[in-house]
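Several structures are given next for inspection.
Each of the two complexes below includes chain A, the first together with chain B, the second together with chain C.
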Partner chain A sequence: MLAIKLAFKNLIGAGLRTWLNVIVLSFAFVLIIFYNGMFDGWNRQGIKATIDWEIGQGQFWHPEYDKYDPYTIQDSHAPLSDQVKAEINKGNLTPILITQATLYPEGRVQSGILKGIDPKQNILNLPTADLINNQDEYAAIIGKRMAESTKLKVGDRVLVRWRDKNGTFDAREIQIASIFRCDVPSADNGQMYMSLPVLQKMTNMEGEATLIVTGENYSGAEIENWNFKDLNFLLSDLDKIIQSKKIGSYIMEGLLLIIALLAIFDTQVLSIFRRQKEIGTYIALGLTRSQVVGIFTVEGGAHSILAALLGAVYGIPIFIWLDTVGITFGGPDMGITVAETIYPYYSVGLIISTLILVVVSATIVSYIPSRKISKMKPTEALKGKLQ
Partner chain B sequence: MATIKINDLVKKFPVGKGHFTALNGINLNFDKGEFAGLVGPSGSGKTTLLNIIGSLDTPTTGSTIVLDKSISELSNKQAAKLRNKHIGFIFQTYNLLPVYTVFENVEFSLLLQKISAFERKKAVMMALEWVGLTDKAKSKPNMLSGGESQRVAIARSMVKKPEIVLADEPTANLDSKNSHHILQTMKKLNEELNVTFLFATHDEKVMQYLNRIVSLEDGKVVSDEIKT
Partner chain C sequence: MKHLTIIILALISVNLYAQTADEILEKTDLNMSAENRIIESSMTIHGKRNSRAMTSISYSVGDKQSFTEYLTPAREKGTKMLKLEDKLWIYSPSTDRTIQISGHMLRQSVMGSDFSYEDMMEDRKLTDVYTATKVDEEEIDGRRTFVLELVAKVDDVSYHSRKVWIDTEHFVPLKEELFAKSGQLLKRTSRSDVQEVQGRWFPMRITYKDMLKSGKGTEMHITNIKFNQEIPEYIFTKAALKQ
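== the complex of A and B ==
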């Protein structure tokens, strides 16, 4: 307690020198929390968007289906059992049939994926009801990215060629019923959503699907001959992207922290160099060398406590404001799942872990130069002689 | 019973490949309540001897017994405890802690002794009263004159009511008027509280007040004169 009391007294007494260090450290503090809050916010929004728009609460895949291997699509389809149909009717599952296609927008050639989905489904946020409302039976909805890459607008017709169950090519014009906006590129880029019964008819795959998306109310029961893929598996790509981005932020945070810690280290070295007479006086008044080391270490480490308090003074209002307005990155075309506006998420765990990181590292860099005191001769220190 | 007993004390400092002998075969005893001084030119070993008595340094050979404790056998912790409870220091350059007020400077030793805040305040105000500085309790050291600073240093050394006060050139930075004021204060405390005062000095003004003058030269005692 005494060390803490004396350390804070000395720290406040040091005036501008202390506050410069505290300001730099508080920047590091606030920016570390900000960066991590951004990534956590992105992560949470990304997960929610991916669940809402693409994967639901998990998916049952046809055993042949491999998301990363387009050659598996042709053979990845199977009829749905009565048990599955019953769940579909209850709104707990929705099947999706997938087939490869070639699009010819304005005479250009573009490859794409045709996905047949139940227009009445409510599991995914896709505006599939637009497929029913459209007058043309052969209608599709596409995302904004797809619309931009194909230069298609609502009401446009585009020639699409596909292969049916037997591998026979067929083609016809499909009308764009609506264009949706979502933050999940993989649910948008190259994807064209049609009514499931229509696509089944087009491909001669009546009653069949490639995968089945589960809703929140699905019991979780296994479906024979279909492989369940849970959220951990389906979100692993997003996790990997965020982790890789986090490494960049760790480097940035590390650099910020190093700058702040160097300032503390430098202050400690200077302090011990300049305050030898004071150190000698402490010893003469009855402190042991290790107690003096303790005072100087706590003094250096206390920078981080003051930085946390200062950071809270200007950081909390900024964080509250950012939480309200979010940070807009300009558009949904970054190629990764990221919301147009990210709302940072500051968890208690994040704040506590950052506090511990900064306090512990500030204390360590304060201790390193303070060890020199334990080797000082008090008689020399009292005279202020350099040792 | 002697408060300080020094037998065959030798202190050598390494210099290059050899060594410099600062104290060479010192034998001295100081009794309780003495107002004594170690006098001699610079380099005669006064401060070195004072530092050893104050447990800030240790002898190379020989023994120094302070309040029945052998300085060379004390651990760091024991030496710190001895200084904190029983020995007061007064330095030539006052050595006040710059960020603390006068009150806090004087209070410092008591904080280490875990005395209650009420008792600390009482003791500090009494010590400041001894040196006539109660009105400066809230001042910072940089607001004090040299004489006032040294009086604060005296109050700081006396607040814990030590058995021994070691004063190293206490008047060296003071003018004549302040020097006499300081010395009168210390003499008064010596008489009233029966504290042993030991000075290291070559100031004639200090010598006027001393009851005993031990002269050192080249690390040896050349005379030991008791005034009657």
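== the complex of A and C ==
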């Protein structure tokens, strides 16, 4: 208790030197929380968007289907069983048929993917109802990225060529029924969504699908001859991207923290050098060497407590403001799943772990120079002689 | 004499009309196919902004074996393609690697041209795959042609229907249009500069055009063609790709 009292008294007494250290450390504290909050917010929004727009609560894949190998698409289709059809009718599952296609917007050649989806489905956020409302049977909805890359607008017709089940070419004009905006590039780039029965007819794959998306109310029962892919598997790409971005942020946070800790370290070295008489007096008054080391360590470590308090003074209003307005990145074309506006997410765990990190590291860097005290001769220290 | 000429012309005319579509196709197949052939050609690919040309030499035996080596430009020199039955390998000298083109990769364009590897590998006789109907006779560049409409009689065919204009005298297809199931025209091939080579008629200039994309298509000019030559067996081996 004495050590804490003395430490804070000395800190406040040191004036500007203390506050400079505290300000730098508080920046590190606030920025660490900000960065991690950003990534957590990105992660949460990314996961939600991917579930809502692309993967649902998991998917059943045709055994031949490999998301990363477009050459598997041609052979990845199978009829749906009565069990699956019953679940589709209940709204618990929605099948998707995938086929490769070539688009010819204004004579340019662009490869793409045609996805057949039930226009009445409610599992994914895709505006599939627009396919029913469109007068043309051969209608499609596309995402904003796809619309930009193909320069297509609502109502435009684009010539599309594909192959049917047997490899025979077919081609016709497809009308753009609507353009949706979503944060998931993999549900948008190069893709056209058509009515499932229409695509099945176009490809001679009546009653067939490539994958089946599960909804929230699906029981989770296995489907024979289809491989279930859970959310961990389907979200692993997003996780990997965020983890790799986090590493970059760790480096920046680490550098900032090191600068702040170096300032504390310097202050401690200087304190022990300049306050030798004070150290000698403490020992002469009967304090053990370790108690004196403790006073100096607590003094250094207390910078972090003050930094946390100062950080809270300006950090909390900033975080509350950011949580309200979010951070806008200008557009959806980042190439990865990222919301146009990210709302940082600050968990209690994040704040506590950051606080522990800053306090513990500040205490350690305060202790290291303080160890010198234990080797000091009290008589020499009282005289203020260099040791 | 005048009567005799009229009678002869009438007989020829009757004879022309008497030929069924299948007979015309068979005669065309006989004229165009050979036991083996060696072709030296140049291919000009007309892009949207510019055109590029490449020359090659091809050896083929029947419709099952073929070997092509690109001679120019320098960038493509030494690139070789080997087709055996339904398999295709490509050797690239820059990487010193041989890769097999299979499955859906066969649908990619050959050297950026208007025809795919699959088009290049198409080896089934038209009479085996299509039901032919003679619909008309037309004149193309001063040559009288039979117009045949071909509709697929098997499922696993790339083009559901075709329209072919075949020279009535030389039995060379001077023009061909390939259609999708919906009736959309996909590709057009024109052949010209028909010359007699070793007793058969053969077009020395062929133009392929993908009708869905812009551009002027791909032109092939045969500079030298020889039929029924002695081609060493080793040419049609994977080892020949790296030689």
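Keep in mind that, in the parts below, the second predicted complex is superposed on the first by the 387 of 387 C-alpha atoms of A that agree within 3 Å, B and C clash if a C-alpha of one lies under 4 Å from a C-alpha of the other, contacts with A are read in each partner's own complex, and residues count from 1 in each chain.
The rule is simple: a residue touches a chain if its C-beta (ideal position, glycine included) is under 8 Å from a C-beta of that chain, and two chains touch if they have at least 3 such contacts.
From a predicted model like this one, the values you see are computed outputs, not experimental measurements.
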Just from the overlay, do chain B and chain C fit on chain A, or is there a clash? fit
So, does A:A14 touch the first partner chain B, the second partner chain C, both, or neither? first
Under the stated touch criterion, which partner chain does A:S236 make contact with: chain B (first), chain C (second), both, or neither? neither
For A:T379, decide between first (touching chain B), second (touching chain C), both and neither. first
According to the stated criteria, A:I283 is in contact with first (chain B), second (chain C), both, or neither; which is it? first
Looking at A:N166 after the superposition, I want to know if it touches chain B, chain C, both of them or none. Which is it: first, second, both, neither? second
To the nearest 10 degrees, give me the chain B-chain A-chain C angle using C-alpha centres. 150
I'd like to know which partner A:P70 touches here: chain B for first, chain C for second, both or neither. second
Taking the superposition as given, tell me the minimum C-alpha spacing from chain B to chain C, whole angstrom. 74
Which residues, counting only chain A, touch chain B once they are in their complex? 2, 5, 9-10, 12-14, 277-278, 280-281, 283-291, 377-379, 382, 384
Of chain C, residues touching chain A in the complex: 103-105, 107, 152, 155-160, 178, 180-182, 184, 186, 212-215
Chain C-touching residues of chain A, taken from the complex the two chains share: 70-71, 73-74, 100, 102, 104, 106-109, 159, 161, 163-164, 166-172
Can you tell me which positions in chain B touch chain A when the two form their complex? 47-48, 51, 54, 56-57, 76-77, 80-81, 83-85, 89, 91, 93, 95-100, 104, 108-109, 111-112, 156
